[in-house]
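The first chain written gets the first letter, and so on, giving A, B, C, D and E; residue counts start at 1 in each chain.
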Amino acid sequence: MTRFLATRAGIWTGFAAAALVLFGAAPLLLSGFRLGLFAQFLCYAIVAVGIGLAWGRGGMLTLGQGVFFGMGAYLMAMHMKMADAEFRNGPGSVPDFMELAGIRELPAYWAPFSSPAFTIAAILIVPTAFAVLLGFAVFKRRVKGAYFAILSQALAGAFAILLIGQQSMGGFNGLSRFRYFFGYNLDDPVNQQMLYFIAAGVLLVVVAVALQLRRSRYGELLVAVRDAEERVRFLGYDAANIKVVAYATAALFASVAGAIFVPVVGIISPASIGIVPSIMFILGVAIGGRASLVGPVVGALAVAAAQTALSEQFPSAWTYAQGLLFIVVIALLPGGIASIAAATKRFRKEPATAEATA
Amino acid sequence: MLRLRNLTCGYGRTPVVHDVSLDIGADEVVAVMGHNGAGKTTLLRAVVGLIPVMSGTIELARPDGTYETINRRPANRRVKAGMAYVPQGQQCFAHLTAGENLRLVADGRRHGKTLIDTQLDRFPALRGLLNRQAGLLSGGQRQQLAIARALITEPRLLILDEPTEGIQPNVVAEIESTIVDLARDGGLSVLLVEQHLGFALQAAARFSVLRSGRVASTGATGDGAVERVREAMAI
Amino acid sequence: GEETAAAESCVDTSGDTIKVGALNSLSGTMAISETTVRDAIYLAVDEINAAGGVLDKKIEIVAEDGASEPTVFAEKAEKLIREDCVASVFGGWTSASRKAMLPVFEDNDSLLYYPVQYEGLEASENIFYTGATTNQQIIPALDYLAETGVKSLYLVGSDYVFPRTANAIINAYAEAHGIEILGEDYVTLGSTEFSTIVNQVKSAGADAVFNTLNGDSNVAFFREYANVGLTAEEMPVMSVSIAEEEVGGIGVENIEGQLAAWNYYQTVDSPANTTFVEAFKAEYGADRVTSDPMEAAYNSVYLWAATVEKAGSFAVADVQAAADGVSFDSPEGTVVIDGENHHVTKTARIGEIHADGLLYTVWESEGPIDPDPFLDGYDWAADLQVSN
Amino acid sequence: MSTTALTCKNIEVDFDGFKAVNGVDLTLDRGEVHFLIGPNGAGKTTLVDAITGLARYTGSVTKDTAGKGAVELRGKKVHHIARAGIGRTFQTATVFENLTVAQNLDIAAGAGRSPWTLLRRRAHLPANVTAVIEQIGLHEHADTPAGILAHGQKQWLEIGMLLVGDADVLLLDEPIAGMGADERETTGRLLHDIAATRAVAVVEHDMDFMRAFASRVTVLHAGTVLAAGTVDDVSNDPRVQEVYLGTTHTESDMEPADAATA
Amino acid sequence: MDLLVGQVFTGLSTGSILLLAALGLSLTFGQMGVINMAHGEFIMAGCYTAYVTQQLVGDAGASLLIALPVGFLVGGAMGLILEAVLIRHLYHRPLDTLLVTFGVGLVLQQVARDVFGAPAVNVTVPEALRGGVDLLGTTVPKTRLFILALAVVAVTAVTLVLRFTPAGRRIRAVVGNRDLAETAGISSRAVDAGTFFIGSGLAGVAGVALTLIGSTSPTTGQSYLVDAFLVVVAGGMGRIKGAVVAAVALGTFQAVFETYSTASLAKVGVFIVIVVFLQLRPQGLFTLRTRSLA
């Protein structure tokens, strides 16, 4: 089975099956509300694919993906707020939340976001560039392991606090109340379904990119850096560059996910991008299996779904269940859900070999 | 001093060493030889308690000469029973100073200071390095430190895994004579794993050759031993 | 949004029960406050059910956890409306959670009853605001301070929307009334490091401090305040987010004599309040206290029930149409819904914290104040006013 | 073709006042297997660390490349020095355990690859990789994960990784540590093959191995060069015997060992 | 001038609070490499220990003195259980401990919520520690002086133990090389458990002390965690000396920055300073280098 999935035909079959589920079954089976929720989960899954690359393959525990997720989300939200303001009060007018905060003049850095093209470019470039800069600063100096983890966690905390202090970015409340997504009315169930399809499509693309990166020479190099960074240096590579690529790719994925998240969910606020949400991103990946390709996707979806189901079922005691879930899965299943298949295979094989040697 | 009976051990569920039996008498030096990957280190790790025994027994002599099975005894308590181990690869406590590396094992022993001094006389190069962090020592310095550390515990059974690796020739000679002297003067048995046939056969009274985790040959050192060992090792 | 195809309401009115949602943070940082609101909602529902229900139907609560996260509030609100088909939802605390839920209620054309004092400047068709808006809490507090001769103020607040808006109003008020603002400091929500700020407050030497800190920060602030030797006599602190619940955690010895501005205290002397406090203690234990947001939440359930009875229907449009003038004889006094802006009339009260941990009214407005969320009635606030 | 590949002049390495290497001059020529010996702590590893950019030093290290002239290496980053053609191994073999032998070599061969090549899959192994797999005797293990290779095989793989990376100065720190007699023999011959076109420096304490394979020997002691020359030159130098070889051992004492390795 | 003296003291005081919160971490994280996200909840447990003790004892002064050792035992016991049940199995997966202990932290918070209620509870400050002392023209709260003193005592004790006692040597040895320590006759099980006990116990002590200045609620503790980790990272893993300098430096920086800017920006400033600082000293202020490649 796993062998088959590694072949070219297997890969195509895998993608086809995933596409069938995402584009065929899900919209048929799920109510509008659940489909929207599923779209939100898909956004988490997109982040997870990036983390799987940076952490699972590259060994960088990126505890601060909320930062990049937040960048993409805020950049998209800025555009949508601008579009709303222009729709209501004409070009150059101030978004509603700024009026409430007593800001009467549109801040200069907001103005370009009335352009959809500029916004999309910013979503793709800003977080990636930031990740490259930060990555160079950290990896060149060989900050790694727990150091890197703690540092990126602090980054998420600092970023959330910074945003809370910016009234022109919505402060603690964040940005919400969007009406249009590139001209499409968000009230319309058809457009909501379109958003879901966008999320699903992007997820497939992102998985394909990750797959290519893993199978390429770069993918081998990344594993080499993870396992013996110093050795790679002595072969003439700049290990920092190799790590930066994975880190920036993960940042890009997170940013795109954030950008889709905003129209799907209808709000972005510092509460969705700080330390705790960042850990949640990681948990999904750990639970799914960091080193495998689809593990992070499955894990992210499973964690989000479990969270929703548990909190609906036991609104006042579900944190226990949630906490225990993390403890049990991570302590008992180091390879995540993805390792169950391997484990059962081993289990089924074992008796036979035991008999043979007995 | 030590009796291994049909010992099988390895990593995870995979056995690496199969069905090995071996005896080391009181005050005897026994050399275990074999190719890279034959399972020598694995065997020693089981004897000192770092990996579990899959089947068979490890029996250690009590001071009164009777044997007890120590299969399940934790590694640190085997040390109290008189075992000392010098692992392969010049291992030391890198974050402690060289002096602390020695004091660590002397702690709680009577005459701890004298024990340390005795070893420093044996390895004079270490004297000037006592305040240097052990992780910064050269490979050979670390290996000398490792042997000194083992000897401080006044073992009845010394287990050495390629002890001369990385050590300069004249100190190798010193170690060789130490082993021989200690065993001859009584009170020390030695289980020695060594790639250098010259060194091993000179220090040891008997040898065993491991091949793919099994005993391929045993015998006394002396005339013709070199040929027998080389023959047993040949694949 | 009336102009688009909102989802059809799925509220089921055929049985002998009617579902409503209770959406409060039961986990996360806001659980501290919001669990008390939930208790009050349950109390009101139980009482109403015991009295026969609404339109002869028993109210059934569907509870959800907002988890102190705006996105979760939005998600759960949508779930309550679309999956559970509740007739209305009670809950929310932070403005962030309200702002997150607002589009959900508007898009699905459903109703939220929001029970906490807030920064105003909002009036949605789909929300009923049963806590105070700024002219029912902050402005009376300023009036009181001005009356007692305060000429200078130092502003301390948590870094989020309510304190910032409140302070904008205070600044405008101060300018119009000749009060000097000597400093304005914000700390991160949950911060417990107040040395610097208290040192600055002390050296500034204002007549009073206006405190819009939220939650745990108050504990650290008041301890530090007392420890550098500042007292209520010397430099009183007027707080707008400290109610009976919080006094216990801060330690009454650190805060005795300080002031607060609310619409309700447990000590309010009215028959309705006596009933409310007794019922609450009977239900949840004699050591529990009642507070303003709890009372507003309790009121909100009664106001909804009364509006439904008046409309003779659970339909959102009918409830909206019937809302104007609906009143409830509440623990704080009579409250009346303003059909225009969906807020309610409220009596402003300045309270002083006493050694028993309760707040006692030292001043109250002459009767209920009409809600003015956009401060249209205050000339000095012209700069703050926004179009809705 | 005995051209100079690497020239070290007056190297000094200072660790907080302690001079681990104290004014060493050394040249490595192509075509020779140059042994670096000396007592424990003499500064051999530190000298290698300095050349490869791991330890700060004063003095100068220049790399000579035919046709390109001399390049100063001091102050360059580790990976730049590696790309200049200086390869080293460590005492404990560090190969990429999760990758196969072929993948290990492919990575080692590709330090200069373009991003575009990197982002694509490897269609087939480069010719120099296949050749080196053959040379280090691992052709049967091309698809074996390096983690399960035997100790000696890992060390050969490590040398192979330097070869495919086009290193023409190889600095090997105790490359036969832990190897059995046959493997030492094989390694020695491998080193001679390699040295035909490259400069190879070997740090070793195994005197039999040195006698069998050294073209030239430099003896370090306390951070300085104590003696240099042929095997016989240094073996007969009384100072070397005193600090290193030991006076208690005569040649005949070593006889059994000789027999074992020869 | 007053303000300046005040700020210098504030820096020291903030630093001492950070240090107290971080000291336990410098053992469990710095020495053992365990990223214990439940450390904040151990601090919280210390806070509630102070609260419960006060309920039982009544007198605030006596209860504080009792609560300090009891808090150590409570925190330590929780650490011991966590180590024995979970962490012990994860030493070879240090980054996973982060996730598992995060789950533990969630559960502990919820337990506190169910046992003590969601609202904060009050721990009364003893009469003797109320008010302030005048120092160079500014008023310094006695509670902060107490915490400063406690931090000094705790740091000194931990340093002396690690440096000069056999137990300290054993801790450092096991941390460095588990197998080697075992074969040198040291029970790494006992040492791990002991180290975790002390580290978690220090969190408990920090919790007791922090009730003097902050609130006691289920989420107390969480707020100290990230800063405490940063102190350990900036100071250099496992270096108590580094943690002291880093804590005081960060505290002072934050206090001074806050005077001229806002508290929120100060947090961001601290992060930037640390990233810049790591450019100069990637392994933290004081590091133990080794020659290994790892």
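Definition applied: a residue touches a chain if its C-beta (ideal position, glycine included) is under 8 Å from a C-beta of that chain, and two chains touch if they have at least 3 such contacts.
Keep in mind that what you see is a predicted model, and the values were worked out from it rather than measured.
Any chain bridging chain D and chain E, meaning touching each of them, is among A, B; the list is complete.
With steps allowed only between chains in touch, the distance from chain A over to chain D comes to 1. With centres defined by CA atoms alone, the chain at the far end from chain A is B.
The chain pair with more C-beta contacts between its two chains, of C-E and B-D, is C-E.
Summarising the inter-chain layout, the chain whose CA centre lies farthest from the centre of chain D is C.
The geometric centre of chain A is 36 Å away from that of chain C, both derived from CA atoms.
Annotation: 75 Å between the Cα-based centres of chain B and chain C.
Per-chain Cα centroids separate chain A from chain E by 32 Å. If you average the CA atoms of chain A and of chain B, the two centres end up 52 Å from each other. Touching two or more other chains at once are residues 45, 94 of chain D. Taken residue by residue, chain B touches two or more other chains at 136, whereas all remaining positions touch fewer.
Among the residues of chain E, those in touch with two or more other chains are 110, 262, 264, 267, 291, 293.
The touching residues of chain B, counted against chain E in their complex, run 48-50, 74-77, 79-80, 85, 87, 91-96, 100, 103-105, 107-108, 133, 135-136, 149, 153.
Listing the residues of chain C that touch chain E in their complex gives 27-29, 31-33, 35-36, 159, 185-188, 190-193, 195-197, 199-200, 202-203, 216, 218-220, 223-224, 226-229, 245-246, 248-254. Per the touch definition, chain A reaches chain D in the complex via residues 212-213, 215-218, 220-221, 223-224, 227-228, 230-239.
Across the interface of their complex, chain C is touched by residues 2-3, 6-7, 9-10, 13-14, 17, 110, 113, 118-125, 130-132, 138-139, 141-144, 210, 212-220, 223, 254-255, 258-259, 262-264, 267 of chain E. Considering their complex, residues 31-34, 36-37, 40, 97, 99-102, 161, 164-165, 167, 171-174, 176-179, 185-189, 265-267, 269, 271-272, 308, 311-312, 315-316, 318-319 of chain A touch chain C.
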